[in-house]
Each structure stands twice: as C-alpha cells, then as structure tokens.
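There are two complexes below, and they share subunit A, which is joined by subunit B in the first and by subunit C in the second.
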Partner chain A sequence: MHFADNVDYPALLGRPIVFLPLLALLFEALRWWNFAATAIGRGLTGLFSLTGLTPAADNVAVAALATVVVGFNLAVVMRLKLRRQVYIVWLELAALILVFFYSFNLSFDFIARKIGFLITQGLVMTLYISLVSIAIASILALIGAMAKLSSNGIALGVANFYTSLFRGIPLLMQIYMIYMGLPQLGYVVGAVPAGIAALSLCYGAYMTEIFRGGIESIPKGQWEAARALGLKPNATLLRIILPQAMRVIIPPTGNQFIAMLKDSSLVSVVGVWELMYLARTQGQSEFRHIEMMITASLIYWLFSILLELLQGRVERYYGRAHAR
Partner chain B sequence: MREVAAGALLALGVLVAGAFLPVGTHGPARSHSELKVATNGAWRPQSYLDDHNQLVGFDIDVAREIARRLGRTAKFETPDFATMAGGHWHGRWDMAVGSVTPTKARAQVVDFAGIYYFSPYVFAVHKDSPARTFEDLNGKTIGVETGATSEDYIRRRLRIDAPDLPPIQYRVTPGVVRTYADSTMPLDDLRLGDGVRLDAVVAPEQTVLGAIASGYPIKIMPGGYAFREPLTVITDKGAPQWTARIKATIAAMKADGALRALTVKWYGRDYSH
Partner chain C sequence: MSSVITVAPMPADEQETTTPAVEIRGLHKWYGAFEALGGVDLTVAAGERLVICGPSGSGKSTLIRTINALESFDEGEIRVDGIALTREPGTVEAVRQRVGMVFQQFNLFPHLTVLENCALPLRLVRGLPAPEARERALHYLAKVRIPEQADKFAAQLSGGQQQRVAIARALAMEPDLMLFDEPTSALDPEMVKEVLDAMVQLAAEGMTMVVVTHEMGFARQVADRVIFMDRGKIVEEGPPQTFFTHPREARTRAFLQQVLRVH
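Up next is the complex of A and B:
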C-alpha cells in the first residue's frame, strides 16, 4: 500500500494457514525439480556432506534442507523493521543471482585479464555516450513538449511527426539509418556521433511524451492563478508549472536513463568500442562469452543501481510537498 | 514596413557573411600518410584484441604489410561485418582486410582487390558421434553461421567469384539446417552432446581447432576438408586505379612469400595458395 493504514492487519505470511502450505509447495517444487542435481543443490550437498546416500534420498534431503532454510529465513525477516526487511531481501536475492552466475563454472582468471580494458575503454565509452545522449535528449524533449503544447500548427506538426517517427522505428534501425544514410546526403558521420545522435533522437521522442504528460498533469487553475498574479507565460512555465510537473516527470525519466544506459549497447553494431562490443568480441575470440556477458551485465547493473539511487534522491526532492 | 526592412537587412547580412565560407566538400579527404582499414575485431586469429588490448592477428599483419608497401601506416576501424562488406563506404575506409569471401552477389557492391589466403572448412561433430564418413551426415541436423559461407555451402548455393578456382564439390545432403547469428553459437550447441541440438557443424578449421583447444568436446570429421574458401581484400566501388594498386601489392606479397610467412605465423600451416 502506498500510505500505511492506521489499522494493523496481521502480515499475510505471518499466518500459519498461508506460511505452512507455501513451504510445503516449495518443498514439492524443489523435489520435482530434482534440486539436488542442480549446481546449487550439489553445493548444498557438499556443504552439509550429505553425499553417500542414494540420489533419491539426497534429493529429498536437499529439498527439505532448502525449505527449512527458506522458512527460517522468512520467519526471521518477517519480524524485522521494514527498512531492514527491504535491505535483507534485496541482498539475499542479489546473493542468489551471484550464486547462479557462479554456478556457470566461470574462468575468473579470464575475467581478471579482461576486466581492466572492459572498464577503461568499454565502460568509459558507454558512460560517455549515455551521458551526452541523456543531456541532448532532455533538451530535445523539453523543446518537443513545448512544441506539442503550443498553439503553433507548424511546431505541433513537426513535433508530432518527430515523436511518431522516432518512437515508431526500432533504435537499431535508427543507428543504421544515421550511420549509413547520412553519408548519402554528403556528411560522412563517425560511429560515435552516429550512435549519440540516434540515442538522443530516440530517447528525446520518448521523453517528449513524458514531459508533455507531466506538464499537462498540472491543473489549468495553476496557469490561471499565475496569470492573475501577472506572471508572463515563460515565467509561469519555468517557476510555477515545471517545478510541480517535475514530480510527475522524474520517475519515468529515471526509467528512460536506465534504459538508455543499456540501449547504448546497440551502438556496438557500428563498431564503437563500448562495453557490449568489447564483451562480445573479447568473449568470442577466446570462446568465453558467458564470462564476458556476465561481467558486462554486472557492470551495467551496478551503474543502473547508481542511477536508481540518484533518481530516488531527485524524486524525494521534487516530491517533498507530497511526502507524509 | 519597418520590420520588413529590418528583416531584409538581416538576411542580406547573413548572405554577405556566408559568402566568405567555402562550399563544403563531401566526404573526408583522402590522407596520404595513413591507410584507413576496416576489419573485424572478434575473429581469432584473423583479428582480435590481445592481452595488451591491441588489435593483432593475421588480417592485421596483412593490412600493415600492404600499408607499409604503399608507404603509409594502417589505421584500423572495426565496423559490423555487413556494414563493411556491403560497400557504400563514402571514403570511410580505403580498404577492408576482414576475411571477406569473393561471392558473385558481393561483387555487385564492392570490388575484390585480390585473394590473400584460403580458409579450409571442416565438418565438426561431437566426440561421441558415431559418424565416420561424410555420407553418415546425410539427413542429419547441421548448424551453420547465418549469412556465412558455411550456410551457402550447406544449402548448395555458394557462388565464388574467382574464375581461376576449381568448382565446389557438395558431398553432404543435410536433413535440417539450423542457422545461428555468430560463428561460435553452433559449436556451443554442438558441445551439449551428440544430436542434442545438432549432429554436425560446418565451420572454418581454425574456429573448430580453437574451440577444441578451449576444451569443447568436439572433433573434426576425418575425410578431408568440406571445401576451401578463398578470402579477399575488398575496396569500395568506383576507384579502379586504387583497387589495381592494392591488387598489385597483394600479388607481390604472394610472389615473394610474405603471405606464406604470415599464414604460417598465424595458422601454423601454409594457407596462402
């Protein structure tokens, strides 16, 4: 629930009628899955030295063990404070993902050899492309939203066409069209500028709609009140409407930034040495794609988390008038 | 009226200022000290990043040698293969040394500046495979990289545009052909087990040897090569003199043994003829 209710209901998981059948279901699922034979299951068998029994007995033992661990874990976490619950669940799920990756039997030696270059060249290039594109896309979006809300037919037409075209064509096509198409018009564009242009235009189009929606969400009364106070249209927009609209605009915009960070990987098709390109080529030349894919994924994830944290701060700042 | 006059005056000012600017020249100017080479960055040992993160490999060495003989230094870019082999470079690159096969379709969009080596293709099978001869693979599921020579070969539509080479012999009739987006994915499916997803893969001998060296449980089908693929340096259409210069350089490198030395250095055997 968005706002806590003042009446306390017992937590759903705290009721035995829910908790116990759930654990039973989990046990059956693990047993059916033959969990003992999976990489994680084998790890558990080794950890508690259960080996030596028949595979079927092993399976039941490991499933029971995993169920007990999960049940105990739930029972403990349920009794903690909300904040701690969130952190602990988050960390546990993250640990599960890492164990999942670990179970691929990766060559950490290979990763250690390649990760330096992945960061100094790949990550730096990815961040450079993303940051420049984000800046340009934001400006385009603001202009686009202004145009869409204006009463100027030409601006409206241009903006409608822009959002329709760039939201309607796959980003990959846009990258190819700019990289291969611009030279037909006489300008031989480099791979990095082509990628930045495509990302900016595409995300500018999406964000135009976000900005427009945010501005439109402010009731007409605000405009009228500002006008009554004698503010000019520009001042009204900048000082009255935008600060209020930001609260609506920030969450989806943060989404776009995170999506952009990862979509910058599409620029690899024109040979830009960013994170995805390096991960792909380095992995391919030594038959170790899984290592490189996981490493690159973790780097993308880490930076998405940073963006999420940043978004949270900005959201709190603009939402302070609405916070309880 | 006043505003019209002011607007006209402003427009005149722009025109006068603009008259001092030169008309833009289309395309980047050709440099005479460097040779812009397009290549691939992910094929070992043709062209890949070594542990010092430098581009190295057979294609790289060949490109450097061509550049040296033309009195220039090679500068590399790593576009998508389709972008490179699709022509319409608009001066982005002077030539591409990226192990491109001279097919008839490709001759429509780029020029071939000379075959510089031959890559033998083999049938790879899982090491538990009971297949002994090429005939055992008839009717089986065979994996290939899509758009690559191996796909054209298994579908019997490989049209090499090199008049002085003998025609290709097709010796296997596949049951199902499964295509993959890159050269190693078929091998990744083959390693899962004999017949799990694939019964055999058509791939360059070097790729298969590399996979075996990396611990893939596969082997090369005995009975010789499936076929030998010629590979050429390409240039963009519309510069016959430039193409002829590169062609002459490659012929000279073949004649004086430079290409043989480079294939032996990178492949361990002579692939130059």
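Up next is the complex of A and C:
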C-alpha cells in the first residue's frame, strides 16, 4: 500500500471464479487429510454433535462444515475496513496456532510450575545477551561501514576481512571458537562473554553491509552542501548523512535484531542458562519437553513482536520528514 | 526581469586597494585524458558581481566548484581572500568558512526543518549557542521572505522556496563570497523570478558573487563582468554592455544566439 494506484480492482477473493474453486480445493484437502480425526476436527464434531454415522461420512460432514465456516468468514472479513481486516485476520491466525499448540494435550500445571524460572533466569539472560550484543554490533557496524567507505587501504582491508570471516563461518562455530579457542591464547573467557562476543562480531559483520548501503544511498549533493557550509567530516556523517541513511538502515536492522534475539539461543551450547537452554533442560525431569519448547517459543515470539513495534516507531521518527 | 532594484557599478578605486576575493592562476584539471580546465586565469575583486556562461561541458561549474574545494585541480593556484587553497584541512576549512554556495539541486537537508537547515551549520561550524543560531537563521529567512515556512520540511516547499532557503542557509554563515552554480536551472519557469529577485537584492547589498547561469537578463542587470567559457577555457570576457552587444568571438556569438532565442 506504499504507493496505491487509483483503480478499484475487484478483490481477488471477491471473484466467484477464484472464491469457489478455492473453497472446493479446501474441502478436498480437508477430506483427504481426514480432518475429522484431528484435534480441531474432533472439536468441531463435538461442538455440532455430528457423530453417529460412519467415519467416512463424519469426515465429509466435518470438512464441509469447516469449509463453510472459512467461506463465511472470508465473505464477512472482505467487507470490512482495511485496518479491521488486518486485526481480525491476525487474531484468527494466532488463534489457529494456539489451538494447534493446545492439541498437544499440554500439562498447564507443569508450565505454571516452571514458567517463573524460565522468565527470571532464562528470559532475563536472553534479553541481557541480546541487548548487549545489539549495542556492540551497532557500534561495530558503524565503524565497519566507515572503514569500508574510507580511502584508507588498511582500514578497507581489515573491514573486508572482518565481514568475510564473520559472515562466512557459522555462528555456532564462532561461539565454540571464541569459548574454546581463546584459552589457547592464554585468556580464559566466560561462557556469557564468549556468547556476547560471537553474536556481536557476527551481527556486526552483517550490519556493516546494511550501514554501508544506507550511507551510500544518500546523494552526493548532501555531502557537498555540508562541506560547502564548512562542516567537518565527522559532523557531516553524524549530523547530515546518518540521520538520512537511518530511513534505509532501520528496516533491515530490525530484521537483524529479531534474528539475533533468537540466535542468542545458540549460546546455550556453551552452557549459558538462557531461555533455550532452560527450555531444553527443565522438561527433562518429567519428560515434558514440548511444554517447555512451546512456552519458550511463545516468549520469543512475544518479544519479537515488541521489537517489531519498536521498529515501527523508530521508522516513523526517521521518516517524519517524508510524511505528507 | 522586472525587479526595481538597481545595482550600482563598483567604484574603480575600491577595486585596486582591497585584496581580490578570488585569484586563479594557470588552473588545469583533467578527468583522465579529458581536459576539464585548460589554463584558467581569473581575478574576482571584492564586491564584484561576475557571471560565467557557456555551453554545457564547458567547465564553468567545475571552475566555480574548485573555488571552495568541492573539486580538486591538477595545476595552477587559487587564492580566496588571499588564502592559497591547498589540500590541507586548515586552508580548505578557512576558505569554506568564507565562501557560501548555492547549488542547482538546492541540496537542502531533507531530515531537518527549514529553520534547522540554517541553524545547524551555525552551531556546528560557527559554534553559536542554539538560541542565537535560531535568531540569526530567522533573520536570513526573513531576508529571502520565507520566515513563515521555518518549521516545515524541505519537501513541503516549492522549488523556488527551497532555493531561497538554500540562499538563506549560505548567507547565515555570513560569507565574504557567494558562489551560485546554475541556481535557477532546476526550477519551473514561474519560480525563476523569486530566486533571481533574492539574488539581485543580494547584489545590491554589495555581496561578492560568482554566478554560473544562463539567465542573460540577470547578467545584463547585475553583472559587473560576464565571462564566456568553452572547452575548459575562458574565451571572452567583458562588461555586460559590450559582451552582449559586441561579442568579439564567433563562439560567443553562436552561444548568445542560442540562449537569447530560448529566453
């Protein structure tokens, strides 16, 4: 919707030639899948008391019912305002995911017992590692981008080697190398600092390229105007070029932050008690792995959503000069 | 041009006593094998209004961009207010603090408001405290007659307004010399006049100006001297009266026929 045309094309789903075959396809898929035997299917069967006939007839009835529900839902949502459509579709899909999780017959009692520790130890450690790494990676990226754009051969060489090495080796390997390799050089490093170092270096390398691209996207007239006014190089970069480049830098950087939040789980391999590590170990005693995995996943998701919202705010701030 | 402001020619005695604003000797510049500037000699007296014209690719933009070191040069020397321009940061900064520039594409900073465009350089370069920078920025915005747009962003202004802000931004630094690089070439026709009026007013106040332009009406009205460049060399120069009525060189005549037919 960034630059909408002034043509009211008929909604794709509003055309019977699309809508009806789509429903037919859905019905056929549900029947083939034997939907009546799934958790959701059983729920529907119970809800509408459709039982009693043969399993095959049940299957057809449930598939038809589900198809009608989906079709009716689409027909209703299609007639709403855009913003409402987005919210409703989002909530419906989220509800489907939760039903999917619910169908695992989870022990909520077990989750309730463990979630406190998962948050106070696991989530706190995950956030600590992620936030520190994000801060260091941003600084590394800015330095890396400036080095890559400089006319200093040594800086250029170091920066090129840095991005090549840390983008080219798996993050897991980097964590092992720093944790187990540094002691070979006589410096014993803790598991948490090693994890932060690996995450910062790896994401700093990716973000170097993002920052470089953002800075290069600013027309050279901006540099010239700043120079002609007598601004020195640092002031030109920090006060004129970077604030404009932020518009280009923020969206992919938001991606990186979200990816890092989840990649911080790799640090669990060196025994750091962060969210993923606890999710794997806490379930072991009572053999309730899936409870812990789902709980941890939902916590990761929740904090990814928070980062998305934050990204939206920052984007609006740097885009305010372009808002009409 | 229908502006009522008249520009008095500079008194002859003043020309001789003060240091020239710009002195250029034997200036050469090559882009690879292409000779962009082929031995330019040029003196601009303090208070003089100089107009440079010539076909595209003649080196006129390159020439004025060497004066504040936006372009480098390969041979020759440039003095601005007596300061010999080298590649050393000290001399370049000293020169850029004395020279204001207005670009064809305005080059306003789009992330800043109009007021901040003018005030931020004052804080960063002149070290003015924020309230004083703001006050001086407003003063110069009033001078180009758009103080009421101070809190808008550049993209919300018309081209003519943007270029006037660019002029105010350069003037707020209180330079000794103003360079204009085709300031009206990117404007819609109806906006040319408001920008030229601001420049005429500036000339009337005695600002030293070097203007690359195809606006021959402006040259006639304001210039003390007009220079015609072609292929990196100064082909002809003279006061506007003789330059426009009795051009000596065939190339100048051909060029003038072209631009006067259009304008």
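Rule of thumb we're sticking to: the second predicted complex is superposed on the first by the 321 of 324 C-alpha atoms of A that agree within 3 Å, B and C clash if a C-alpha of one lies under 4 Å from a C-alpha of the other, contacts with A are read in each partner's own complex, and residues count from 1 in each chain.
Everything below uses one rule, namely that a residue touches a chain if its C-beta (ideal position, glycine included) is under 8 Å from a C-beta of that chain, and two chains touch if they have at least 3 such contacts.
The model shown is predicted, which means the values in this text are computed figures rather than measured ones.
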item: Contacts of A:7 with subunit B and subunit C, given as first, second, both or neither; value: neither
item: Contacts of A:282 with subunit B and subunit C, given as first, second, both or neither; value: first
item: Contacts of A:179 with subunit B and subunit C, given as first, second, both or neither; value: first
item: Which of subunit B and subunit C A:270 touches, first, second, both or neither; value: first
item: Footprint of subunit A on subunit B - complex, ascending; value: 24, 26-28, 41-44, 48-49, 51, 53, 77-80, 83, 88, 90-92, 182-184, 187, 210-211, 214, 216
item: Footprint of subunit C on subunit A - complex, ascending; value: 221-222, 224-232, 235, 239-240, 243-244, 318, 320-322, 324
item: Of subunit C, residues touching subunit A in the complex; value: 68-70, 93, 96-97, 99-101, 103, 105, 107-112, 120-121, 124-125, 153-156, 166, 169-170, 173
item: Touching residues on subunit A, where the partner in the complex is subunit B; value: 113, 117, 121, 179-180, 183-184, 186-188, 191, 269-271, 273, 277-278, 280-282, 284-289
